[in-house]
Amino acid sequence: METRNATEVRFHVRYSETDQMGIVHHASYVVYLEEARSDFIRQRGNSYAELERQGLYLAVSEVHIKYLKAAHYDELIRIRCEVERVRSRSLDFSYSVYCEATGELLATARTSHICIDKDGVVASIPVAWRQLIG
Amino acid sequence: METRNATEVRFHVRYSETDQMGIVHHASYVVYLEEARSDFIRQRGNSYAELERQGLYLAVSEVHIKYLKAAHYDELIRIRCEVERVRSRSLDFSYSVYCEATGELLATARTSHICIDKDGVVASIPVAWRQLIG
Amino acid sequence: METRNATEVRFHVRYSETDQMGIVHHASYVVYLEEARSDFIRQRGNSYAELERQGLYLAVSEVHIKYLKAAHYDELIRIRCEVERVRSRSLDFSYSVYCEATGELLATARTSHICIDKDGVVASIPVAWRQLIG
Amino acid sequence: METRNATEVRFHVRYSETDQMGIVHHASYVVYLEEARSDFIRQRGNSYAELERQGLYLAVSEVHIKYLKAAHYDELIRIRCEVERVRSRSLDFSYSVYCEATGELLATARTSHICIDKDGVVASIPVAWRQLIG
């Protein structure tokens, strides 16, 4: 279900994302969440690359993932990505990671981001972006 | 153009695949080629995971990539993946990696694979798989 | 400072671990923490590979990282890795990630692990391993 | 054996570098080779980061790897890295990747690099760097 501030992205697990346990390595989920954020912005008709061209970055300040069930090679992953909170200089996303075929919840996660400029100084998220995201 | 033994796959460059040069890191292409192979088999109605369930693996014996132009975050990549040669125990794929928006050729590559069993012993590629791939 | 249940590991940031912000990508820290755990066990004269040979895995059930300052290519990273709690079937590690040259704290983290067997069933951590780790 | 233009680096295989075949994923070797190059320059008392601060990059133009034997988690890898050829605007490295414990040759490789500036224009490798590397 897509709502005002939630989107869903789907992609296949890549072979290189597995480890010798035969499952998706837990670090791969951090990359998956980022891809869900990229898609979130893309679905709103913009690109995070555009924000960076303005000299602003949404640096990751916190990542928290709970792993519930393993994902496997070639499975179709679905991630629901939601903006939880937008403030003037920071924002939080929350995520639910599913196996598309079974509908099982594989992981839940939250990431926090802070807006910084090229020098690493905390900056305000441009209003246009706050409206785009929030 | 899709032909008897060539397929095309498209995906966006992920942020984590870039490096501090501001372009896609050269190791990411090895993962891209693998994803093109996975898609090649998927498009033929099978999954490489299925081959592994039979206790067989197509181990990579050689990778050769020529980098022509840089790819960037969020760009849509298109890879043409072609079977170059199938022998009883090994096979070669060749690849052309494009930027979808500009049509520019970013890289060309070739990978060689050898069929092995769970113990690492060289094995024959099952006939059904040779027909599927070749 | 090495104590009964804390160790320190040092390694250089790899180029591929950076992203187009010019800093270490946040997903790389998950790999760094894992390397700190591997080293923790290695320093106790064992290898996590040995546990896996017994058919047991310490699956990651939770990762929580707070990013304080950016790390950069070629910097020497130092991670202090500490066992926080060992129970019969699970354990927690906590981490402090430093830039060796400046002594600055780059990140703090905690990971939780659950012992499972080859079939994914929760299992007891062998007593010898509990003593090794705890 | 360290010679005028060859160095050796050693590091442990990380868990995340393995795949579900139970061996080191073939893309990890591209990262290993890069780490060998970084170490090559570091051993000569400089850092590749320094070259980049001058606005110059050694972009990878070609990677060719032959995989002979698999590497495994926690094994100590040793890479002999050698400058094969230095020209005014490009250079080649060659590599031999070994398992330190057994002395077995796991892979051989060659990478080619071209010197470019911030705008991607081909540039001369500074003489001081040619002397450092060659």
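Per-chain numbering from 1; labels A, B, C and D assigned in written order.
As a working rule, a residue touches a chain if its C-beta (ideal position, glycine included) is under 8 Å from a C-beta of that chain, and two chains touch if they have at least 3 such contacts.
Keep in mind that what you see is a predicted model, and the values were worked out from it rather than measured.
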Remotest chain, subunit C as reference, centres from CA atoms: B
Centre distance in Å when subunit B and subunit D are each reduced to the mean of their C-alpha atoms: 23
Euclidean distance of C-alpha centroids - subunit A vs subunit D, Å: 32
Intercentroid distance (Cα basis), subunit B paired with subunit A, Å: 26
Touching two or more other chains - residues of subunit C: 15-16, 20-21, 27, 30-31, 34, 73
Pairwise touch network: line, ring, star, complete, or other: complete
Parts of subunit D lying in touch with subunit A, wherever the complex brings them together: 15-16, 18-23, 25, 27, 73
Subunit D partner contacts - residues on subunit B that touch it in the complex: 20-21, 26-27, 30-31, 34, 52, 57, 59-67, 70, 120
Subunit B to subunit A touching residues, read off their complex: 11-12, 14-16, 30-31, 34-35, 38, 42, 47-49, 72-74
